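Below are two complexes that have chain A in common, paired first with chain B and then with chain C.
What follows is the complex of A and B.
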């Protein structure tokens, strides 16, 4: 084992395989499981990344004469030594097949939808206009936390939510309302630890006020069915709905201190 | 949480009547009230009367627990449900309504909330616990059973409500009301995934024997007892129903593949020409984004098929709509929907002195494309574009037929001067079939389909007889349509060439290395 690990050829092989696993599986499937927003990498991008990794490994190996010799040694041995005949034969078939398969992947007719790399939580603006009134978002807190009765705010928020948001975000707040399947991208799941607890209330306020049409261009703005609620709801109703979202899911909002420490 | 006014009285009543066994019930009811207030009260109302704040925007309305009229039962018509029945409804929800299942509740919470639901009605406290019916056993399916079932479908007059093909277009369909007098659809039997009580043969058999209390859907028990049908025939009827269509909602595929037509494009939407062409299903939602919204639309999905011949592209779109609007037979239905559903600020259609609607809107469908092919993944706003990025609309309605238009938002549609879109639609047994056709490239506008490249497409639909006009429609977001390019040899040649080259290169390398070794 040791012997393999300290050998340049196997080091290179491990780096290549590990990179592939990272690009193919970790980014797309493991990160989302541990709560980091991410999406599978398209296969053409993976091929590009892998080429870069390969060139990098070769550059590193050839930078030092002795290392280069040791790196090449097993390759050369496989090519020439009589006792490695079988391995040689297998590789001589496997390698062309791999290349042929990669080529096929490139030219085969594709009936897949074009990949849209959507930023799920794009950076919010510093301010927004609500029916013509300018509101600073940076440092903005939910005003209802300081005034009136929390019980009443929550009752208002629940009433607003059930009439307006249930069709998409669902009774369980899990993004599976009875119309959710008609929308692509799907409505946000508020019970996911990747959404509400990662966001300040002012961010959520911005998203509710401006909806899909208010997303910055990198969010492929015109796809999201999320309505711009400023035309339908009052500011206080939106703040009350935000209180309800956090209360019903049991998540605390992200604070401005956390937000500051993050940047 | 605020204490609901009614509950104190309900709990008091429970206490007053309490034999010792009920003391545990009181704790459960109190725990159930906590669950209920948190998750259920906003729809079902604080006192369980189905009158929560948003009830008017829901059809069917949330259940009124004071009436104790439950649909999902294993007990006879008009009887109370068992606890297991109520649990089934809570766990699985009632698909196709605003109430999905509640997988977030624990077993204990469901037990408690059931006790609390039952406390809303005095009926549960009276008399013995309800007993499930004997459902007999399934004699089995197969072609013979299905044929017998088809006969029973007619003998038992199912088609009067559900229609011959099961799409809810029977002659009585426009008159159906639930116990409140609100309009109710006879279920579309071809969309089993929105059945309230499950879509398996057993589920459907159970629903037939029990009926759906509170709705016009009758129980088959009387017909069985009076000898109109035998118990086996009711099972066979269930097998027949299972042959109406897929049990689950068809999986969503984002790209409509439009194959090349061998031997010319179909000239209309007729069955023979389109049989065997792959069909793609797209669910639609009520338009709940801009005012006035449509909270309970009729059209909940459509099927799309496509063919092209390199010059024209032809699409066949099919969707279920029980009414061929405008149809005066549906006047009363239209009035009832207008009165029952929260129109969200839309002007209700006025009635004349005889009580008939002054306007009978047509049925309509839109196919939507970008007006100019956009850069990258950018697309116009999915609700018919905006001033900056307009959309290209293939329009159809049951009064004016097929046309082409430019859309700049939901309320800005202007017909195109040069209209290259042709087609027609027919309505049969509760289903519209629309055939549309257009050249792949049109000089006068920017929408040119490129073979092999996906073009964005979206849909919208209206049912005139349910007073759906203007923004009160069914909608989808963007999907894609892709015209298959002619079969090309590169798919085979390129990989082969790549393999040959690598193989040859490998051989040369090995040969050289071995030569060099021998030389040394």
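What follows is the complex of A and C.
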């Protein structure tokens, strides 16, 4: 055992297998057991990670001539030595079978929808029309922050949210409303740091006004069940709801002064 | 030689005439014609044709603009330092320019022809605004060509004294002409991205002020980004040339020379790469400020997945660059003492690439999305944001610098009395920098986006300050250092050279992919929100087809670069044939007619 552990080839193999176990099982299944929020990692990401690890292992092994020679020893021995004929035979069969099986898995007919690239935050237009009125979105601030009583605005926002948004986005604003599990993907989680704090209020305004039907054609299909609320709500009601969202989650909205972010 | 020069100038004259004709025709015609010309060649449509021509023109142009920058610096090192091997290296770099320069001109002409015949109305629009700058461009192109010929063919004639300084000035002039030419062309393409305010589809192009059209929001950021990227690209391509020559070398002297040349090319490429993200960041910021829609399309929308591909490719660059240094340490006496550190540095790099390549929103099927409760992974999403990625890339830069430092110090033992304290100080600087980078990375999760963006500046400044501080100490500490033995140039395994080739291919691919991101965010506009693309190719291509076109460009580019390398080898072979012939007492003639000295270490030109 010790002999194997000190050999570069088996060290490399152990690193590769351990990495796979960590990515596939530790992150996917062990972390949730110990109370850390996690889920199985998508296969596209596992492949990506394993490629990086494999390249890393090969680079390390070949960065030193002596180590590289030792690393290749078992491979070469298996390929040429007469006493390894059985192992060689098994590999000669097993390897093509493995490749064939992987190819079959990739091409066999499936009813599952294919994996998609879905951008959570699509690019907004520079302007929109609200019931025929053109509104410039670039540089647009929430008008209610400068006028009226904030308490009243929040009360209006709360009322609108509870009446219209709770069924999907949930009473905790976490995207877990009563209907949430009927949608795939589930509705937006406003408590996530990846949503509201990344967005200007004008962006949220556009998303509420135009909903799923108003999403840009680039990056389709969007799979969004969000209605276009411009047909139901007034502009001020939407702005008040936006105030309520930021107030309840405690996130400040993204501001316009420095739009250099890469997120 | 004279005949060759004349022929070259005539070729370029013909190309310039073609450019002039293409500029003048739309202005002279003034008759309404079709908006778009027809093109279908082996399934390639008009957009594909223009795309490939533009990409190949840009790749060759980047090479011929990048190489003179460091050729002049290396010539100066040889001139002022009195070491002739640098002078020879600079000349060898410059020799690669000659054929590449012709290729640049040819692809430029093809691009102009495609634009004027396939997009006649849009081309007429551009010429109506930019015609004066196009004439200046053509004139400067001519000057650049002539200066390049004087610079290369005058190398041996103006080798001593004041003549050498004049020759060096020619190199500087070559850089100046080239830079202005690039700035002018950048004005045209950035106008398409970020035209001046107030323009509409109805604005007559003749009324657009030339300077305001050129000096648009993204012009200077693109200029700076391309200047730096050209150096990176030039270094990588000459590194690949050296690798090719190393792998085909027949003598130890050749191998030693091309090993050194490859090392120099790699050093230039990786060194310039370290500062390139600053320029890219500035460009991204300007794009955001010009148009939120463009910015979000680029970074968070449709194009955002390109950044994951970019992360993967830049990961390859870091890994290949470090790998080359680590293997190189095998030919340096005394480097074995640093071997135990390599696995830890590799661990940092691999983890860094994993963090950088972790997407914020993942490619997943519906079951996987349902299991994650959305498109973001509940655990890995912490790695998908810029706080994590900036931290990873800064630690990778720091690790790469550490590799270089070990390489530099491998065969040296400092003799200054404060050597131990100096080394500890360097170690402390590295540790402090890592702490600063990680601190701002973690703190970034707890502040607003605006504040977090500022943190990335602190992280980069910490890394740059550490690099300057540590290298300053190192230079002072290694003054008069005891040598453990000379670097055994040429004693490199072949696989190290493949790392150089991978670097060149990866850089080329990156340029194509990120160029697509920059250009593609205009979406269905020829000139963003001014002139709409009404052709049937107005849609933005999906990543797959785009990557295919870019890969075709990379293949064509390296096919042509292979020919250039082969030609370089042909000239070189004549040197050896001549030397052999002289040794036999017969007269030999080089295939390119240039008299060459007999080959010796570092003396192959």
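As a convention for this text, the second predicted complex is superposed on the first by the 151 of 263 C-alpha atoms of A that agree within 3 Å, B and C clash if a C-alpha of one lies under 4 Å from a C-alpha of the other, contacts with A are read in each partner's own complex, and residues count from 1 in each chain.
Here, contacts are C-beta pairs under 8 Å (C-beta built on N, C-alpha and C of every residue); 3 or more make two chains touch, one makes a residue touch a chain.
Computed from a predicted structure; not experimentally measured.
Once chain A of one complex is fitted onto chain A of the other, the partner contacts of A:63 are limited to chain C, with no touch recorded for chain B. In the superposition on chain A, A:96 makes contact with chain B only, not with chain C.
Looking at the shared chain after the overlay, A:112 reaches both chain B and chain C.
In the superposition on chain A, A:194 makes contact with chain C only, while chain B stays out of contact range.
When both complexes are overlaid on chain A, the residue A:43 reaches chain C alone and has no touch with chain B.
Shared-chain residue A:184: touches chain B and chain C both. With both structures placed on the common chain, the touch criterion links A:227 to chain B but leaves chain C unconnected.
By the touch criterion stated above, A:255 is placed in contact with chain C alone, chain B being left untouched. Shared contact residues on chain A (touching chain B in one structure, chain C in the other): 112-114, 116, 184.
Across the interface of their complex, chain B is touched by residues 76, 79-80, 88, 91-92, 95-97, 99-104, 106-109, 111-114, 116, 151, 155, 158-159, 162-164, 166-168, 170-172, 174, 176-179, 181-184, 191, 213, 217, 220, 222-223, 225, 227, 231-232, 248 of chain A. Residues of chain A touching chain C in their complex: 27, 31, 36-45, 48-49, 52-53, 55-56, 59-60, 62-65, 112-126, 137-138, 175, 184-186, 189, 192-194, 197-198, 200, 216, 218-219, 252, 254-255, 257-263.
Taken in their complex, chain B has these residues touching chain A: 1-2, 38-39, 42-43, 52-54, 57, 96-100, 102-104, 249, 252, 254-255, 257, 282-286, 288-291, 295, 377-382, 389, 452, 454, 475-480, 482, 484-485, 490-491, 494-500, 502-503, 506-507, 509-510, 513-514, 517.
Residue ranges on chain C touching chain A, taken from their complex, read 281, 284-285, 288-289, 291-297, 299-302, 304-305, 312, 315-316, 319, 323, 326-327, 330, 339, 342-343, 346-347, 349-350, 353-354, 357-381, 384-386, 445, 448-450, 452-453, 493, 495, 523, 529, 540, 543.
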